[in-house]
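Some notes on the structure that comes next.
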Amino acid sequence: MNLSPSLNNFLEKTGEQANFFTSFVRNIFKGGFEWNEFLRQCYVIGYKSLGIVAVTGFVLGFVFTLQSLPTLKEFGAQGYVPSMVCISVIREIGPVITGLICAGKIASSIGAELGSMNVTEQIDSMEISGANPVQYLVVTRILACTCMIPLLTLFADAMSLAGGYIGVNTSTNMSMQLYFIKSVQTLYFSDFFPAVIKTIFFGLAIGFVGCYKGYTSNKGTESVGLAANSAVVAASVWIIILDAIAVQLTSVFVYN
Amino acid sequence: MKTNLSQKIKTGIFVALGIGILLITVFILGKQKNLFNSTFTLHANFKNVSGLLAGNVVRFGGINVGTVDDITILNDTTIQVNLKLQTSVKKFIKKDAIASIGSDGLMGDKIIQVSPGTVPNPVVNDGDMITGKDPLNMDQVVTKLNAIATSAEVLTTNLAAIVQKVNNGQGSLGRLLNNDQLARNLEGTINSTKETVQSIKKGAEGFSENMQAAKSNFLLKGYFKKKEKQRIADSTKKANDKAQGVKKN
Amino acid sequence: MENVIEIKGVKKNFGEKTVLKNINLTVTKGENIVVLGKSGQGKSVMIKCIVGMILPDEGSLKVFGDEVCSMSEDTLKAMRTRIGFLFQGGALYDSMTVRENLAFALQRVLKITDENDIENRSKEVLEAVGLSEVIDKMPSDLSGGMRKRMALARTLIVKPEVILYDEPTTGLDTITSKEISQLMLEIHEKYKTSSIIITHDMQCARITGGRVMVLNEGEFIAEGTYTELENCNDEFVKLFFK
């Protein structure tokens, strides 16, 4: 094929990723699922990221409430702050911010881990010993991400509501029950489920990009850093793109 | 690498909590949407639902008791709205209840308000039809506003005429405001008052001179002298009393 | 004698660069072959071709009588379980303990689930390489020499028929590399394995070597026993024996 070199390169990379993805999918159903490694990855990805995600979610809700209060107060609409914060956090901000934070934390660590395993020939060694490195390393990590990111997002959402409650109470006194009722009164399934579904795809993107960048890195030491770095960048971009697609799909199919 | 027991437990707690949040949210949202409560259905026909949507809230006595389930067009002038209400409010709604479309606040969503109906009528059954009261049409509002504007125009024209008359000094109000005769009269009154006060003052001075003259008159001298002596005696007595008081102390 | 590995006319290019020009090599059962060569002459590429990690452009490559290039995934996997491969850096799985490193291939490739069996095998190979006491340590806690022994133990645990050594003594001091070389010889005698040892360490070649082959610019230019080659007149071969 005689296309321009950059286009050629792009197509080659795309094909490589598609291959990687199909080998991931094939290996899920191959039998001999690595439950132990999967659980360990769930622990590392889910439990170990809970702190940062919870803090971010809390501050997000708190700050968002504080920023909205003065403006809405001018219109006498400060009573709408809880439901506004709740809807925007659950529909959009919670999933995207959690996704980006996890892209930074998880995609980079997966990229660096697999990258360094690649450099020190551990992946080759697994393959030559007859074991299946894709099944052991890639499938477990991607699936763990896919399962854990939605849960982490739910935690972030819950913490955001708590932060919003504290934020509202800096200027007025609102009981927790009233705040809660006001928050969820305008929330519908059509706000909640598309958001949960899109976080599943965010998780898939984070896991896939991290694994792909690490697994296919070059055999030099500097490629470990490169793998980690490009994993974060690519995963973040993917999250933004997926979010845009999700918003379009929801507005076409759900709000129509 | 194997996961040890505490890692497994932590992961387990994490996953359980996450799924718990998911289920709670589903339950809360479902409760709002009457998914898990027992419900019954009422129908109401309207000519115009002015933007009501499936999923809007139904209120009874100001309380959210259900949602709009479905809106269908029956024929060119009739829109049927199906209301899904909680069974717990069924016993308060009579057959002559009226469903009316209103809005929640100035900019809020459309809502349906269900009135209870009157006592002698029996309680509604599932699937009953109740009367739908058409919402205030925007066209009607505009027509009314138009009438108001017309009368306002008449009013302002009349007002303008009145003001015109007042300005020209017609009528008693106009004269009062426009004629300065009154002010001049007032000024004259004040001046004559001043003169009167002056003459009273002069009279008083004359009386005082007369009294002075009377004092020096011999006929009355004895009386004045006596009065003087008495005054001196009084003051010496007072001084003595005081001196004695000082000694005692 | 049965041929375990038979390489005929193998060629491999990476882009413009020819790495393997014309490789012919036959390894019989129980034979010990040392491949000598400068860095970057395609020694590692050659043994990676043998285990099917890299596919050659031309030529035939038979392992245990089967053509590697045309193997199905399952036969390739089965073939790999009969071959041990010792990587240059050891390639120990650094997120696992020594015990888990040893058990990794056993559980996944040989499908051994009996804990006692795994334990016995682990102890046996660790004893064979003289590392009985480190079973619960992490690879990062081991010294360079211990890591090499450990890697050798992990290669041995699946009882391979052929072991491929990729520069086993690189990065070790003279004394340790001598110990490792002697260990390799011991294992060769004890487990009756065939082996291909890729090295540029002459001490290692002398200790372990049966047949020594010299690789230059993608071709074997000389072969013979260590002493034969020591007295060889070829200019390039002489460079190694200086």
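Per-chain residue numbering starts at 1, and chain names A, B and C are given in the order in which the chains are listed.
Everything that follows uses one rule, which is that contacts are C-beta pairs under 8 Å (C-beta built on N, C-alpha and C of every residue); 3 or more make two chains touch, one makes a residue touch a chain.
Predicted model, so just to flag it, every value in this text is computed and none were measured.
S.K.: Looking at C-alpha means, what's the farthest chain from subunit B?
M.R.: Checked the centroid distances; the maximum from subunit B is C.
S.K.: Could you tell me which chain's Cα centre is nearest to the average position of every protein Cα atom shown?
M.R.: Minimum centroid-to-centroid distance belongs to A.
S.K.: Using mean CA coordinates as chain centres, what's the gap between subunit A and subunit B in Å?
M.R.: Each chain's C-alpha centroid was found; their separation is 53 Å.
S.K.: Can you compute the centre-to-centre distance for subunit B and subunit C, using the mean CA position of each chain? Integer Å is fine.
M.R.: Result: the chain centres lie 95 Å from each other.
S.K.: Roughly how far is subunit A from subunit C, going centre to centre by Cα mean, in whole Å?
M.R.: 42
S.K.: Listing for subunit B: what residues touch at least two other chains?
M.R.: Residues 1-2 of subunit B touch two or more partner chains.
S.K.: Residues touching two or more other chains, restricted to subunit C: which are they?
M.R.: Subunit C, residues with two or more chain partners: 95.
S.K.: So which bits of subunit A are touching at least two other chains?
M.R.: Residue numbers touching two or more other chains: none in subunit A.
S.K.: Using the touch rule from the top, collect the residues of subunit C that touch subunit A in their complex.
M.R.: 51, 53, 77-78, 80-81, 83, 85, 87-89, 91-95, 104-105, 108-109, 158
S.K.: Using the touch definition from the top, list the residues of subunit A that touch subunit B in their complex.
M.R.: 36-37, 39-40, 42-43, 46-47, 50, 150-152, 154-155, 157-158, 184-185, 187-189, 192, 196
S.K.: With touch defined as at the start, can you tell me which subunit A residues reach subunit C in the complex?
M.R.: 32, 113, 117, 120-122, 124-132, 136
S.K.: Can you list the subunit B residues touching subunit A in their complex?
M.R.: Listed in rising order, the residues are 1-3, 7-8, 10-11, 14-15, 17-19, 21-22, 25-26, 28-30, 32-33, 55.
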